[in-house]
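Note that subunit A is present in both complexes that follow, paired respectively with subunit B and with subunit C.
What follows is the complex of A and B.
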């Protein structure tokens, strides 16, 4: 246990370093894009005078390193700063959207993860059967289509033809839980179809991989049933690779669903970061990317811990 | 009989057209409280009150704000510009000017000093009664060195704003401007309550329009409810409204067809024929002042030679461009920026694709061949790159080699427009000739994107601006349009229509074409059928 805590502390420290590096790269990256916030916001209506006033007011005239250090100083004290574009505190701007993003990711995960595991275990159980081929083919097809296409197909059937679900997922903070669930079901379904194949196939592969091991052979010789072998002997050892794939997909559900957000008009973080990059609203971009980077760091750490807990051998070097 | 009454009579007896009546009346400085029943045929069924109106807009970004100085896209224009705020004047559906917060106005003979009489019965959302100080504070928000307003250029001509009592505003201009009341309809120039320090609280969102902001999440939606003490009974029919940003055109169309919204803007013209089959959807189309241009810098070779410019203007097949880029949802351009809905639109002969004239002008320019770069990006207008490539093919047939440079969308207006010698441009157009010309064609204008200066044109511009006589103005503007057409650096291939849709529950009167969505006044003008 101490060893695990030690590992967590070490990972968190490294994570902070990663966040710092990410913030630097994002800041430089956005700075390299042509145009700045004032030009982008004023667009065709910009004149040199109004752009100059705007830059002056927002401190965009200061050298890049000063602006970065200023941002960093605020960040270290837990202050995300304010959006340059509309002066709203970023924590307020992000708060609701972050909640929405987590909600959609959560609903999707609750559907997709158990479904992928069950389908994967069944596929391993009935390897090379018609079911195995069918589920492999169909999940591969759904992952091969672009997300927006799946989304449009679902909208066409479930909202345009059948009128079961709304085509817009416009939730607001005062939307009731049940209503909210109803509104995010189509996007969650879209994302499920997108992430299912990866997790399902990894589960199947990890288990099948283990089925060739001597201890499984032993269990078979003892006369145990196939399902008992898979659930009690193979699965515990397969958790590590499965957990890794699951967290990669969970991270994707949080950071990479902007297309689905746009199609369903769902107010999540993805749209915010896209808008902010377009307008060069650096503090907002920074805040979003910090959250995204932290998501990756924490989820990966979680995967490692799950691997170790389910397989303590990993704590010891061979 | 006053001049105004004479006009009324002439109009009623059919001696002058409605359009003429309105222009002359406006030249008289009469705010038009239009005689009821004078215009037959325009009156629709009486509007009905009530209902919750939901509209999906293609624009709207998380970086938007409620500050009038920052409004630039369709979402903020419709929601705040005309939904929650009022202005001194209103551009009516027929393109003429009507009163709004200003009851009436008159100009000094040189059109330099304008006196506006304000309504006394206007209440802001916070309960304050509007007076001249609020108007001054609201206009000052866009003036001075400290402003970031997109409207700075259009109120630059104001030297002084003075209140004469509570309800009279006196505006003094640098030079005469007969169209000044038109400018005051601009969506930026919303009238908001002044604080004690003589400034408006630009972020408060308090206005005096038909709707009050209940909640606003930039880039997502705005929820509005009717302003209980709205001064106007003929506008603002819905009990409440919601404006949603739906950036994806397929999502927007779905939202309309599945009944999640009552209206959407910017329909996808590529799939319009399919949408037409849906019986619950009404497709609306207005043709206004919005247009596409290819702007050449007239002080950069080879565009400094007018024969080169003319050769290029004759080398484009506008009909093919209109058909391919806009699928016919537009009007042919004639190399000047004045649209058919403008008052003094001149009926000049339409310029066509003409290989002989191209050769003639190239020869005059002393060139046997011409090779030029044309910069384009879809940031200029949707289909700009396609339009440029089509143009390239058309011009190649007559010996002009156009090298289309695809520019990045990011920073297009800062790095390409007015910097590259020839590029694609979008103009929303302006409701008056003077406004359009002074914005982008006058010598020294900040957005003169062709660096064009024509002496005669600049003289006429000043004269026409201060001219209160209608027929003289018409003659001047006609001459100016032909000057731009035959000498200017701008190639105007087409005017794009505004194409938007509603469900069959929505009703409306005659629609304005100065912007899409009924001059962006859908919230206050439309209503639900019984």
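What follows is the complex of A and C.
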């Protein structure tokens, strides 16, 4: 037990270190800007006076480490600074959108994870059957198709031809839960198709890997049924790799979300970052990148920790 | 006499070109299809100006004209011929992705081999940099960098290549580590060969097959990333014909049950499927790996 705690603490420390490095890169990346940030923002209209005022407002006259600490301290307290485009506090822009994005990712996870596990286990059970080959083919398709292609195909069929779902997912903060779910279903379905195949295939691989071990052979020789072996003997040992795959795919989700949100005009963080990149609203892009990157790092850290905690060899250490 | 031994020798071991041809003929149907697709795309990319009826960004009709004799696939949101832009897209989208992948392999491959050869602090420095770069999701990182540097094609190529070279670095370093401990590398070192010789003559030929397979996969990834960025309006900029931005510009047509905007997206998907088919075949041939188990 002590060993596990030690390992987990180690991962947590490493995760924090990575987060720190990431924040440093995101913040200092901006100083790579050729020329001056204020000059860039104002473009043709820049005069020495307006640039000076702007530099003063953004605190660019302070040394870089002071600005970084200020930025970091503000962010930890939920204050991300102000947007360059509309002078509103960024936390105000992000607040609702962050919730929307997590809602979309959450709905996707609720659909995709159980489905992937069941289909993956079935593929392992009926290895090399037609069903298994179908799964392999679908993996190829899902890694080859751009997200927006899948999204528009779904829109074409489910909203234009069948009129089942709206093609725009414009929810507002006061949309009721059921309505919100209905609006978010098509984007969630797109994301499910994007991550499903990989999860399914890794589940299959994890179980097939285990099926080659001697204790499974033993169970077979004792005359147990295939499904009993898979569910009671293989699966408990497969949780660690499967949990790992699930979490890694959830981490992938937060990136896939960007394109899908734009297609469905869903008011989430992904759309905000794309809009802000177009406007070159650097503080907003920094804040959004930091949130995305932090979620990604934390999920990857969670994957590590889960695989440590669910490892039976570590749980029952002699 | 001399001639017969030559004949025997040639019967025992066919020439390289012939071996290649035999392997090609024995390739499964999917691999052949993949090669056909890639060849077709290369052909279209090379001869786009000859194949197309109109200029790349020439406005030739009114907006959103339907499919017909004059415009086979109709016109786009600005009245440019859809077919022409689709064919030119092969040149721009695929070409840019190809250049980016090459650059990524140049950066990642060379640094990976060097990290393996030198090991020690150089390996540490490269590996830690890569760890940190990979901790940020690539799409988000490229969005941040595009905000800082602005969107133009050379910048796009460099950003995506650098972010993607991290994965090339990891693979190259891992496979090179197995090679640099071999006796022939040691022998080359003792012989006094310089680092470039060891890199390109001793290590590189022996790690080539995993790198070639990885090149295919990386190309798909880069291709999809650039298409996504262009779709978001942050990649290849107008008036250059590009599949990602073509989908974005004409997406409204979908609500009228018109599948034209799906064609560029399908063009992207088909090429990626084709490349994946080839990579699968290549992996099976070179490593005996079947089905990724």
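The rule we apply is simple: the second predicted complex is superposed on the first by the 244 of 318 C-alpha atoms of A that agree within 3 Å, B and C clash if a C-alpha of one lies under 4 Å from a C-alpha of the other, contacts with A are read in each partner's own complex, and residues count from 1 in each chain.
We adopt the following convention: a contact is a pair of C-beta atoms (placed from the backbone, for glycine too) under 8 Å apart; a residue touches a chain by one contact, two chains touch by 3 or more.
In this text, all values refer to a predicted model and were calculated from it rather than measured experimentally.
In the superposed model, A:218 lies in contact with neither subunit B nor subunit C. In the superposed pair of complexes, A:144 makes contact with subunit C only, with no contact to subunit B.
Touch criterion not met for A:62: it reaches neither subunit B nor subunit C. By the touch criterion stated above, A:152 is placed in contact with subunit B and with subunit C alike.
When the shared chain is aligned, subunit B and subunit C each come close enough to touch A:276. Once the two complexes are laid over each other on the shared chain, residue contacts for A:22 go to subunit C alone; subunit B is not touched. In the overlay built on the shared chain, the residue A:110 is in contact with neither subunit B nor subunit C.
Judged by the touch definition given at the top, the superposed model places A:160 against both subunit B and subunit C. In the superposition on chain A, A:262 makes contact with both subunit B and subunit C.
Annotation: subunit A residues 33-34, 152, 155, 160, 167, 262-263, 276, 278, 281 touch subunit B in one complex and subunit C in the other. Of all residues in subunit A, only 18, 21-22, 25-26, 29-30, 32-34, 136, 140-141, 143-149, 152-153, 155-156, 160-161, 167, 201, 205, 208-209, 251, 254-255, 258-259, 262-263, 273-274, 276-278, 280-282, 285-286, 288-289, 292-293, 296-297, 300 touch subunit C in the complex they form. Every residue of subunit C that touches subunit A in the complex is listed here, in rising order: 131-132, 135-141, 143-150, 220, 224, 227-228, 231-234, 244, 247-248, 251, 254-257, 259, 261-262, 265-266, 268-269, 272-273, 276, 291-293. Put simply, subunit A touches subunit B in their complex at residues 33-35, 38-47, 49-50, 53-54, 57, 83, 85-88, 93, 96, 152, 155, 159-160, 163, 166-168, 170, 172, 262-265, 267, 271-272, 275-276, 278-279, 281, 284. Residues 61-65, 70, 72, 145-150, 152-153, 203, 215, 217-221, 244-248, 250-251, 254-255, 257-258, 260-261, 408, 410-411, 413-415, 417, 426, 446-447 of subunit B are the ones touching subunit A in the complex.
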